[in-house]
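There are two complexes below, and they share chain A, which is joined by chain B in the first and by chain C in the second.
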Partner chain A sequence: MSAINAALRPLFDLLLAPFRGMPAIVGVTLFSLIFGVVALWLVKLTSNPEKVDAAKRKVAAGLLEIRLFNDNLGIIFKAVGSILRHQAAYVGHLLVPFVLMVLLFLPLIAQLQFHWGYQGLQEGDSVLFKVVLQDDWQTRTGSDGADGVPRPSLELELPDGLSLASPPVWSPSEHEMAWQMRADAAGQHEVGVRLGDATHVKKIGVTDRVERLSPERLEAGFTNQLLFPAEPSLGADSAIEKIGLRYPERDVWFFFWRTHWIIVFLVLSILFALILRGPMGVTI
Partner chain B sequence: MTGRNPIRTTRRATAALALCTLLLAPAGAAAADKRVVVLGFDGMDYTFARQMMAAGEMPNFERLIERGAAQPLGTSVPPLSPVAWSTFITGMDPSGHGIFDFIHRDPETLFPYLSTSEPEDVGRSVTLGKYQFALSGGGYRLLRQGTPFWEVLEERGVKTTVIRMPANFPVSGSASRELSGMGTPDILGGYGTFSFYSSDIFLEERSLAGGEVRPLDLWNGVAEGTLYGPDNPMLVKRTKLTSDFTLYVDDRQDVAKLVIGDTEQVLRAGEWTEWIDVEFEVMPPLFGFVPLMPNLTGMARFYLRQVRPEVELYASPINFDPYRGDLPISTPDEFAADLAEITGRFYTQGMPEDTQALKGNILTPAEFLEQAQIAGSEVEQQYLPVLERYDDGLLFYYFGNLDLVSHMMWHSMDDGHPAFTEEKWGAHRGVVKELYRTADRIVGQTLDAIDDDTTLIVMSDHGFASWRRTFSVNAWLRENGYLTVKNPDKKKLSILGDVDWSRTRAYGIGLNGLYINVRGREGKGIVHPTEKDALIEEIREKLLAEIDPVTGEPSITKVYATATDFDPGPYLAVGPDLVIGYAKGTRGESDSALGEINADVYTDNLTDWGADHGMDHETVPGVLFSNRPLKQQANSLKDLAGAILAEFEIDGFPVVAAGSQ
Partner chain C sequence: MVALALGAVAPAGAYIGPGAGFALVSSFAVIFVTAILAFIFILIWPFRTFWRILRHRKKPKPLVKRLIVVGLDGQDPLLTDRFMQEGKLPNFEKLAQQGSYKRLRTTFPSVSPVAWSSFSTGTHPAKHNIYDFLDRDRKTYLPILSSTRIGSVEKHLKFGKYQIPLHKPELRLMRKSKPFWTILGEHNIWSTVLRVPITFPPDKFYGAQLSAMCVPDLLGSQGTFLLYTTRPAGERFKEGGLRIGLSTSNGTPDSFESAIEGPENPFLQDASAMTIPMQIELDRAAGRARVTLNGDVVELETGKLSDWVKLSFSAGPGVKPSGMTRMLITEMGEHFSLYLTPISIDPENPAMPISHPSYFATYLAKKIGPYSTLGLAEDTWALNEGITDDGVFLEQTYDIDREREEMFFASMEKLKQGSLVCVFDATDRIQHMFWRYLEDGHPAARGIDSPEHANAIEKLYEHNDALVGRVMDKLRDGDVLLVLSDHGFASFRRGVNLNSWLHANGYLTLKEGADGADEWLTQVDWSRTKAYALGLTGMFLNIKGREAQGTVEPGEEADALKAELIERLSGLTDEEAGEVGITEVFDTHKLYGGPYIGNAPDLLIGYKRGYRTSWDCATGVVAGPVFEDNVKAWSGDHCVDPRQVPGVIFSSHAIDSDDPALMDIAPTALRLFGVEPPAHMEGVPIFEQSSFGGAAATKEEAQ
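Presenting the complex of A and B:
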């Protein structure tokens, strides 16, 4: 997964570069169109249109049966059974393209979430920056906690454009060190987090443009990389579990409706698929 | 079919109305073109302002009155903010607008309540197990009566913007844009209740006036506390809504991480947060994740007072969020959110400066000033954007910071005040002057922004005086045989539960109010209505003869019988029978205002609330400054709205309801 993400990150940075200065809805609309077309193409490639059509007709026939014989309970029950059976068959005929879509689109949608799902920090913003350590961080770092409460020797290397607004708070029960950090200047900044000999880099975006923003950099793991692909994972033997901050969530305007981009994306993808199924000769 | 066609008749009537409107339009248009800006500085004292001006410390006020006017402005009786602003709004005295004090009482139960607004009862509800679902009601009702002057302007085509007008919650809805002010409650429904948390195990959990002291469970550097909201309206058996928070305290430095809901913030000791959402779960979600009811959400500012030796955290009263529109605080509904969009979220409670936290020794004077500075800045920061968006008509903008900070800081200029110590107050001698300089800066910004044709009026509702001596009216009534208690040996006595009403002829509620225990009006009244006037006269004479044993001076210089000295308005019955005008320097006891019966009639005022204006109204006039002589003279608050309307060539104010006078 790490290798796939390593390839997808620059690819999506490139694909979305033209939309950086535009409202997020522009990119969302275009990508919905592309996803709708690709979805139709997948259906066309991997499903049997005759069987899909037959199942649909059987469902329609069942509905008609209920309408025509609504005074006959026996026929209604039979019709409902037929509808459910053929509905299941319909889903079954489209299962392959559906699974393919999920496998293909999930990593792609995960990439898009980190472009459109968050707003960058603004100059002057203050944000909590935290580093969470593994449960066995003492073993991994060789810290013995001899001077009382165990406390890691975590240090931050801050670039120009970011500064600390508070000293760190160490929470032993959470294995977490937290700082209040201030965004002083715009840019894609890299903060160095040094623990012992190892230094990990965390990216922080101070920007009002649509750019890749990563709220968390996580320990290695398939799920972590699948769901949080915006930055490479921390090393497998790192004493750090995650490094993170909280970006404000971004909503997009869809006519008079302000909502999460993924909802607009799904609505538009379905809409485009419904419009284009005829011209593309796809049966769904 | 014979007779008139109703549709055609309606069309003809509409056409006739349109014609009338066109004919009348020129007069309306002339009024609409006029611009009048009114700045209301609550509590600005005429004498002090003139002294500051004479010393050259308020140059913009000098600039303002260069070609204009300056005069003391007579205040209301009693000179309390809700009364005074209601008088200004309606052009009537309390008998016309129904606000006689901060506190009124239910004559049947004598239970005190806030005078300007009240929560409406929830109507019908459906009960399902331990839950209940209200089908109607549950809002707030404005108790101030009468027609606000901006309504008259709007009816004549003049656009009005009325920002933070006191005694205007819920908002009237008749201005083009308005935001409610003093009288707007916090989430608990009162004027504001702070919470103070401490990990000190010996600190007693208790209620203070305007606040709660609560424990903070500290273990291994993790402190846990609970914020309390209002009663859960969904439960048949009322229980408080709660929201938990956690503080992670660093073991080496004076810093902690506050976690509440989704918000996490690192705070240094002595640091304030921005506004933080506080969510109360009204009903647990189905299966743990399907929401059934929206949570009740407010917002609070937190102040990490200290980390060592004990962790201490102050939480402001939980305010309604201007973005959410849960309360009728603005017209149009989205105006509060628009303001928040421009300058950030802000205190929506009417009196944000936390005087009670200082009075309760929760905040030091310096900490209180920091909090008041935050509250005052929010109001000031919103002013310029509002002024920039103001095109024509009336703009009224209220500043309450000067009043509430003066209450707590004025006596730092009074070395003879019984609560004054150089150690505590000496450093704050200049605070009140700074408030007046801030007002001067605001006037300067306004003068720079308006054109020569715009009338600028600067006014206040009352002045200020050092409050050295306290008079407890219920103790006086008891001492003079008008009020009898059931158990004289009991330490803390209140009219709610401790009074022998069969032998009590009068009682006090409110800062200046005195009521006769009238048969047929009060629940346990004994004074026959025919004896009431004679008793009023008897008490009035005795009160006016009162001499403070310490100062040797009269402690009361005016006593008004509302039935004869006030206008014969329709709401006389709401108020007290007598309104006491204390001599300058003396004020009614605060607890007595809520019905407490103190042991002593006279005491020194040793509280941090060291200055006031609830005295003889002639001793604490407000201010009236303008950049041009007003077309119509205004000697008192009662006349001022009429004078403002006269600037728009509109007369006929106040609007008196038919049959009311």
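Presenting the complex of A and C:
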């Protein structure tokens, strides 16, 4: 997964570069169209249109049957059973493209989420920067802490453009160290987090443009890389579990509706697919 | 609904693409709609039931639970007897032994639209107003459909070359009197009526109905086939076909561009036709063609009839009248020809009201798949014109029969109580087209040695027998099954041109210099004409005050003329064949009476078996001989003296009537459900009430 993400990150940076200065809805619309087309193509390639159509027809027949024979409870109940059976068959006939879409689209959607899902920090913003350690961080680092109280010797290396607004606060029960950080200048900054001999870098975006933003850099793991692909993982033997900060969430305007981009993406890609299924000759 | 579904989707990570999105959203939608519909109908069911009980406090006491009527249009008693004696119809035999088998008197005339109208209303034509396929316009003397008036839109809102129709065109069923399913419905008894002739536009009653005979194709005609061909234009088709020349495109002999012409665009003032561009690419070596329509590709193989191909025309945004056709490459040698069946109205999205309720046609299409909706669905004209062959015609006919059977059994399964009537047309169509092989020396079989489908009619009767067997297997306790035909069948060897006879004998006069070769009596000098023949069995007097240019005074003069014509035409001899061509001519006013007798032909011609109105006479041509050989594939007919072509009736319950008639079925249906037949019905029930012993027939009786 790490290798795939390593390839996808620059690819999506490149693909989305033309949209950086534009409202997010522009990119969302274009990618909805592309995903709609690809999805239709997948359905065309991997499903049986006759069976899909037959299932749809039977469902429609069942609905009309309820209307037609509305004096006959027996027929109504049978029709309901038939509808549910054929709807299950319909979903079943689309299972292969369904699975393929999950496999193909989830990593791609995850990439898009870190471009369109968050807003960058603005100059003057303060944000809580947190480092969470593993449960066994002491064993991994060989540190007992000062005065018998366990406390990691975590240090930050701040670039120009970022500064600390307060000393760190250590929460022993959470194994979490937190700093109040201030954004002084725009840019994609790299903060060094040093624990013992190891140093990890966390990117922080101070920008008002649509760019890749990573709220968390996580320990190694398939799921972590699948869902948080915006930065490489921390490494399997790292004593740090997570380095993160909270970016404000970005909503997009869709006509008179302000909502999460994924909702707009879902609606638009379904609409595009609906429009294009005829010309593409796809039964869905 | 979509919003509801979206609300259930957690934004990040939950989305997996439009395909899955469709499945997810539509599944939510379907389950939601199903639940709501079921909930609503279950909720209101007690109230509806209570309301029905309240409205029909005098509930009739039915003798049966279900009445199943299978109509086999044109099944002939003589052939039925013959095949039964040969042991080829075991299920008919079984049904006859368990109940009854009798001749069924048909109507005057013995023509399907008349006969089935009497079947459904229990009356003579003078009360239901249908006398033939065709009637005449009294002003112009031109033929019009007798059963349906399809009007045009008179008021429009006009913008430049565009217009918006301000009302729907008039669409009226001309059949009068109430059919028995309407009366049953008034007593809260459900009926499903499938493809019974003369039900377009459909009746509105408590039940469901799919229209039949006289439902037009998408072009508004009664069935216009299309032939795209590279052959040079020849004579135009006389019966319901259009020839469209093909010319090559792209400079290659294997590529053609043309268009399928649909109905007129109602939004254009010039009423130009909507079209679908059609590209044809031939692979001559493989004998195949690729036809592209609106981006959809249809692969065709020479001699093989395609499945239904949907044709969606565009009249404007969101207005897309939709039809269906089947395609066949009839030749791919020096010349290429592509045949298209008449464009049926798409039942899934009907452009005209072809069912009651309106969504019943859609329901059937969803249930069983696409099916032919055209009134006369089997393309007899294409076979008559030699465009298709016997094999293709049989394939088409049996495919339509299969569609019918599927909708019949689907409806039978849903019928808990009430009546189900379905008419199967294959018997009529196949006998019309294959009678020439049934007897020696038929003029239409000249030059055809050892035809491949010589026993098509025998196979047809066996096919019907198998159908009856399947129906009997599905009967339940309390069912009565009637299998019947509207008339029998006879040979059609010789055609009689009565207009030619009238002309030769001074009753019909042509305009100066006219030769009478033009169709639809357009060369007749009406001011000097006393009588004319129109339709398949009728003859009209040119009555003053009735016809626009009438010459015969009503009353004594008309009666005298009628008597004279009856005397001269009854027993009219075909000198060439040495046979009598007309057994008797009937005065309709003496046959029956009723409020619509004024619309009846004045005389009905009772042809002898073997004779019928000639093709020329049927199309209003005066020229030519009075008697001539019929050499068309349409070689059997029933438009003869009705006494010579009774139908058949098989019943799972013993018939009490000695001489049952088709007209008796409507009052019988009412009686079976405990409804007293209304006084205006002339038919009488064929079962005695006492024969049911107060209880319905059991399945054991029927088995």
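A few notes on this one:
In the analysis below, the second predicted complex is superposed on the first by the 283 of 284 C-alpha atoms of A that agree within 3 Å, B and C clash if a C-alpha of one lies under 4 Å from a C-alpha of the other, contacts with A are read in each partner's own complex, and residues count from 1 in each chain.
Methods note: a contact is a pair of C-beta atoms (placed from the backbone, for glycine too) under 8 Å apart; a residue touches a chain by one contact, two chains touch by 3 or more.
A quick note: this is a predicted structure, and the numbers were derived from the prediction, not measured.
Looking at the shared chain after the overlay, A:Gly27 reaches neither chain B nor chain C.
When the two complexes are overlaid on their common chain A, residue A:Pro152 makes contact with neither chain B nor chain C.
Looking at the shared chain after the overlay, A:Gly205 reaches neither chain B nor chain C.
Set against each other, chain B and chain C differ in how many residues of chain A they touch, and the higher count belongs to C. In the superposition on chain A, contact of A:Leu128 is made with chain B only, not with chain C. Using the contact criterion defined above for the overlaid structures, shared-chain residue A:Gly244 touches neither chain B nor chain C, since it reaches no partner.
Of the two partner chains placed by superposition, A:Pro229 touches none, neither chain B nor chain C. Of the two partner chains, chain B is the only one that A:Pro167 touches; chain C does not reach it. Once the two complexes are laid over each other on the shared chain, residue contacts for A:Lys58 go to chain C alone; chain B is not touched. Taken together, the two complexes place no residue of chain A in contact with both chain B and chain C. Interface residues of chain A, counted against chain B in their complex, comprise 126, 128, 130, 148-149, 151, 165-174, 176, 178-180, 246.
Contact residues on chain C toward chain A in their complex (touch as defined above): 2, 6, 9, 11-23, 25-27, 30-31, 33-34, 37-38, 41-42, 45, 48-49, 52, 190, 208, 295-296, 357, 359-360, 362-363, 365-367, 369, 414, 416. Within the complex formed with chain C, the residues of chain A that make contact are 35-36, 39-40, 42-43, 57-77, 79-80, 83-84, 87, 90-91, 94, 97-98, 101-102, 104-106, 109-110, 113, 117, 227, 260, 262-263, 265-267, 269-270, 272-273, 279, 281, 284.
Listing the residues of chain B that touch chain A in their complex gives 220-222, 248-253, 255-257, 264-268.
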